[in-house]
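Both complexes shown next keep subunit A, but they swap its partner, so subunit B is in the first and subunit C is in the second.
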Partner chain A sequence: MIGTLFVDPSRCIGCTACVEACSECPGHGGESMIHLDWLERASSVQTAPTVCMHCTEPACAAVCPADAIKIDPEGIVLSALAERCIGCGNCALACPFGVPIIHEAQALMRKCDLCYDRTSVGRKPMCATVCPSGALFYGTQEEVADLRRSRPQSHFVFGGETVHTRNHLMVPLSVGTVTLEPDATVSRSTAEQQLEEALC
Partner chain B sequence: MSGYGAEPALHRVALRDATLATALVVAAVWAGSRAGRDLDPALLGYLGATIVATFALTWRVSAFWRRLPSAFYGRALLTALRDPWRARTVFHAAAIDLGTQRFIAARSRTRWLAHLALSLGTLTSFAITVPLVFGWIHFAADGQDHYRPVVLGIVLGRFALDGGAAWLAFHALALAGGAVAFGATYFLTARLRRRALPGVTDPGHVLPLALLLFVALSGLALPASRNHAELFPAVSLLHEAAVVVLLVGLPFSKLAHVLIRPLQLGARVVRASTEWSACGMCGARLAPSVQVAAVQALLAARGARLAGHLQQCPPCRRRSTAAAQARLLGARFHPDLVDTSPQARVPDARPYTFGKVA
Partner chain C sequence: MACVPADEASLIAAFGPHLAWEPPGGFAARGTPDRAVKTHCCFCGQQCGVQLLVKDERVVGVEPWEEFPFNQGKLCPKGIKRYLQNNHPDRLLQPLVRTGNGFAPIPWDEALDQVVERVRRIQAHHGPDAVAVLSGASLTNEKAYLMGKFARLAVGTRHIDYNGRLCMVAAGAANLKAFGIDRAANPWADIAATDLILVLGANVSECSPITTDYIWRARDRGARLVVVDPRLTPIARTADLYLPIRPGRDVALLNAILHEVIRLGGVDHAFVEAHTSGFSEVMEAVRDYAPEAVEREVGIPAHRIREAAVLWTQAPRTMLLHSRGIEHHTKGVENVLSCINLVLATGKIGRAGCGYATITGQGNGQGAREQGQRCNQLPGARDVENPEHRAAVAAAWGVPESAIPRKGATAPEILEMIHRGEIRGLISLCFNPLVSLPDATFTREALERLDFYVTIDFFLSETARHADLVLPGSLQEEDEGTVTSVEGRVLHIREAVPPPAEARRDWEIIRDLAHRFGAAELFDFHSSRAIFEELRRVSRGSVADYSGITWEKIDEKMGVFWPCPDEAHPGTPRLFEGGRFYHADGRARFHAVAYRPPAEEVDDAYPIILTTGRVVSQFLTGTQTRRIGPLVDLYPAPRVEMHPRLAAELDVTDGDPVRVASRRGSVDLLAHVVATIRPDTVFIPYHWPGRRSANRLTVRAYDPLSGIPEFKVAAVRIERLPAVERV
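Right, the complex of A and B next:
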């Protein structure tokens, strides 16, 4: 049985160990599927890792014109099938978490598949194996409850839509649902964008 | 594995299309073979399998291309083909994507070479054998050392048996078979090398490749065994059986991806659009406006209401999720920019602490 990944961006120290380890996963062909973003590059060193949350009803698969995104019986949303994917980018547009990576020249989408080749045989995903701060923790709800004062949450409200996910985000104990309103989130100024592009 | 296939209602329309296409093929065979007089009795098994495959392939293509997400790109492709200027984009994309298959070269050079050999070999084989099976082409002997090609009942010239044209006519299929054998061997070997990974050696992936390899090798064995009276009938029967299984199973195997690939031309047409949407958060280029609208409509058709978030670029979406968690924890990275209104925070949120270990 495949476990669950618990994501706690507040613990991320930006070491990029997850990014490097992800690229070492045998099924990823040397490419990392993890996004590591700065939250507010101009005023904070805080970073956040983003992995696929493996939605129970994935929007990426629903809008795929080639039916290239398949879902494992355990709810793992797999990377696009190489022989089918046409690299249109519908999945990247539909994913509310901003996960899919589109290689336009290759006409191919790739994304975090929870290290399916490892987790399907009882091993941990590469990112959780190396994360030194526990920002990415792989295990069971009981295990994470014993370790943290926060609680895992898998219901996200995007405007009028509630998205249920297989992976969890760690939130304060009092929080029932994570609400993401487009206008209430952190926005970036042009100067911040330019600074970030220069630093990247 | 599950996915989002065609809806049941589409299959009814697809059945109509498949019936029509099959009827057209049967009529074309009847007319092209001069009411069956030019049909080769040795090839009737192939003919039956081809007609069955026509029905199944048309049914699959029609149902698949009518799915809402696929229909968007299908329509974009057809609309572009009607506009001479935009049709150039389509033909250019077709030459690059379907002709040279450059996108596969971007994935891997050796894979591209193997895929090119496999696909061109297969298409060449079909281009040679289908007219023969349908009775549209046959060769009539003209004396001891010449042949006359007869196309749709019309004699088109003659060529000497020891000339270049004869060599090409009699060896083109063998060359195509060699290319298919090379490609199928490469992909089979690649899968076997990665057999430790889950799903890589699933029958659905391996069997079609193994079947293609068997068809190619048994096809190459046909001319090699023609001087062995005891061997040739067995090889011929095995080859025919393998081709029949390949043709009938084609629409339901992984090889059916060849029917999906032309949608990529529709995607190229959409990407060539000049009107692009910008991210509502950072202003970065997001996607062609028509594609953003289409994805919104597709999600809305499934009851999903993600409209506001679809206007953000993926990096801003990722930051939004992390920022939402930070806000719940009481973090303020940039007081002027973070929404600190009471409704944006939970009443009893704890102060934000980095890397706290319980």
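Right, the complex of A and C next:
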């Protein structure tokens, strides 16, 4: 059985090990399927990795005019079938997380498939294997509940739509449903406030 | 004369740095590897286990090694892309000799003969110590051992030192003074098991990323995290308490924390009485360091200093971790001693989940400082001036004690002596001082004054461009041997592939030179394993005792922690259990230290503090990592990091070209305006040479006890440049 990826951006140190490791996976040809973002570098060192969340009703597959995005019986949303994909980019526009990468020259979409070649044979995905902070953790709900003081969340509210995902985001125990706001800003950490107290 | 033999552009065209992005033949041609070689990363002191994938006798990729207990498959970007250094277009493949306009190939025999002839000629005219040997801490234990013996018994010079002088020596000297031994006190598993982690001057998330995992595992159990750093690093971002210290004020802060701990009743008097000496002097020394008395100097409000003291006092178990941030100072040893004072006063050492460690920087930063390639040390971390130690090593080597030269100069002193004309010949391996030493302009002048310089290297580093002879050595994955990790765990480096073309293993080159220098009987080595067997034997009875370690035992136990005095001994993961220290009386030593300012304080002419350090995608002088495309893409060029408040004063916005000038020189860089650094301090990473070198600005001021340079504090001024094209 394929496990679940738990993403905890609060632990991320921006090292890009996940990105570089993903690029080494067979078939990726040096390209990473992970997006690592500095959220607001001018004020913070907060970074966040974005992997495919593998939605239970994936918008990318629903809007694909070529029926190129298949879902395996365990709920893994696979990368586009090269022979079907026309590179139209509908999937990238529809994805609430900004995951698909469009190669216009090759008319091909590529995305994270939860390291299907590894996870389907009982191994961990490359990114969660190398991540030195545990920001990307692969396992079961029970394992993560046992190890962490945060809570896995898999419902995301985008405007009027709720998206359910196979992978989870780790959120503080106090947080219920995750609502995404387009103009949200990064809240300052205790340490960031303490830097402002520096006597110069 | 050792001026570079050609202009920079033609040297770069011939020898790089060029960038490699793909394995040989490209990703598409990689295919199924023939084998996966379980070994360790070639970069930092964490020495993460990793598997190198080999196809057709070439290293073509990497696979995590999840069974190795330290990192369990975890890696940083350098560890993942390190394989691209193999088969690199810049790889040195044959011996080279300087010509009128560059370098030309030369046969091995001729090159080795020339080395001996030139070195002996200098020594005949100017004495045996007119030639120096510089070595490095990325080398295996075997090579580090060989270099010390080679310099002293084959070349016959007292001047042998290594680039750990820029790295581990302050912590090492302080540990030796306080504990009688220089090694991390605890295995890293103790970090995950503690209740409070105090991190000082350690950009853990960029310089030792795997340690992040240990810190988070502790925090998952409820441990608190306190970080002391002038920059809000990624590990500091979520800290429970962050103390944004002004660079160079560590003793003042640590003394103030101890002052408060004493006031709170946090001293473990039973421990202090039973296991230490010198506490009353420290009590006296910290009396005047009330947090209010030092807050302006250290740049942290007194109530935050008291908070740190409360957290430290309340935590049943603590782990104090530091690295170069507090060590790269003219009082590096004192900074470390002030940390150790806090640990000892509260008895927080020598227990599971409770102790202390310096985070060793270089790949073999631990082992390479024990095998006798330091100017002041013989193998087994023995003191070169201690008569008993000299006698023990002389007996093991089968030479008279008088054959071992006395203490030599430190690496920066060697460059100073070259500059003064006192040292005229240089042999170097694994050291790029033109990029790594402070005041790079001075270092270049020194190199230009050498009569003769031979270097062993795998790429033509910026320093190697000054060489008369360049001997192509081996990459880490092209030789077998051992290293000792940050934990004091001795590990097995396996050869993935042999050196390419005419390149040779470093130890073979050194051995063959030793034979030509007339010391064949002392260098009768036919394998690196044979060197290890001699190293074991010579270390017997020393503090750094490896005599019970075998390569088989390392493989079986996934590493062996020294000291390990006999083959039945399991090794020593945790030091100081039961309060037993390594001084003759078994007690640890307190050292009263008083705060003193950095060598160069800011003033009206140079009003801004410069501090230097690293980024996660580069390693040290970048000889390897500036050749790896995906790593260079992550952070292509140094920028000067400054707070928006300072930027506003300078009329600088993010991305503007600026000139940063010190009394030594200037560099033109782009500004990186971020609110994650103290407003009175700027930061420049030091991995780059030439016009982008942070070390054009740093000051040639050294810690009197350890010789470590003050990379972490210099005074600079900054002006906005009018036009982008000037950068």
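Heads up, the rule we're going with is that the second predicted complex is superposed on the first by the 180 of 200 C-alpha atoms of A that agree within 3 Å, B and C clash if a C-alpha of one lies under 4 Å from a C-alpha of the other, contacts with A are read in each partner's own complex, and residues count from 1 in each chain.
Definition applied: a contact is a pair of C-beta atoms (placed from the backbone, for glycine too) under 8 Å apart; a residue touches a chain by one contact, two chains touch by 3 or more.
Nothing here was measured: the structure is a model prediction, and the numbers come from that model.
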Report summary line: Winner on subunit A touched-residue count between subunit B and subunit C: chain B
Requested in this report: Check whether A:24 is in contact with subunit B, with subunit C, with both or with neither, and answer first, second, both or neither.
Outcome: second
Query raised in the report: If you stack the two complexes on chain A, which partner ends up touching A:155: first (subunit B), second (subunit C), both, or neither?
Result: neither
Query raised in the report: So, does A:43 touch the first partner subunit B, the second partner subunit C, both, or neither?
Result: both
Query - Which superposed partner A:170 touches (first subunit B, second subunit C, both, neither) - result: first
Report task. Classify the contacts of A:14 with the two partner chains as first (subunit B alone), second (subunit C alone), both, or neither. Result -> second
Requested in this report: Could you tell me if A:96 is touching subunit B, subunit C, both of them or neither one (first, second, both, neither)?
Outcome: first
Report task. Please work out whether A:129 is in contact with subunit B alone, subunit C alone, both, or neither, and reply first, second, both or neither. Result -> second
Query - Set intersection of subunit A contacts, subunit C complex versus subunit B complex - result: 10-11, 13, 42-44, 46, 133-134, 147-149, 189-190
Query raised in the report: Considering the complex alone, what residue numbers of subunit A touch subunit B?
Result: 8-11, 13, 26-27, 35, 37, 39-40, 42-44, 46, 48, 50, 59, 61-67, 69-73, 78, 81-84, 86-90, 92-100, 103-108, 116-117, 120-121, 133-134, 147-149, 156, 158-161, 169-172, 174-175, 178-190, 193
**Report entry** Residues of subunit A that touch subunit C when the two form their complex
**Finding:** 10-17, 19-21, 23-24, 28-30, 41-47, 124, 126, 129-134, 147-149, 189-192, 194-195, 197-200
Report summary line: The residues of subunit C that touch subunit A in their complex are 21-22, 27-28, 61-62, 64, 66, 71, 73-77, 79-81, 205-206, 209-210, 212-213, 216-217, 219-220, 222, 227, 232-244, 246, 295-296, 299-301, 304, 616-617, 630, 634, 644, 654, 673-676, 678-680
Query raised in the report: In their shared complex, at which residues does subunit B touch subunit A?
Result: 1-5, 64, 67, 69-70, 72-73, 97, 103-104, 106-107, 194, 196-198, 254, 257, 260-261, 263-264, 266-267, 270-271, 280-284, 286-287, 291-292, 294-295, 298-299, 302, 304-329, 331, 333-334, 337-339, 341, 344, 346-350, 352-358
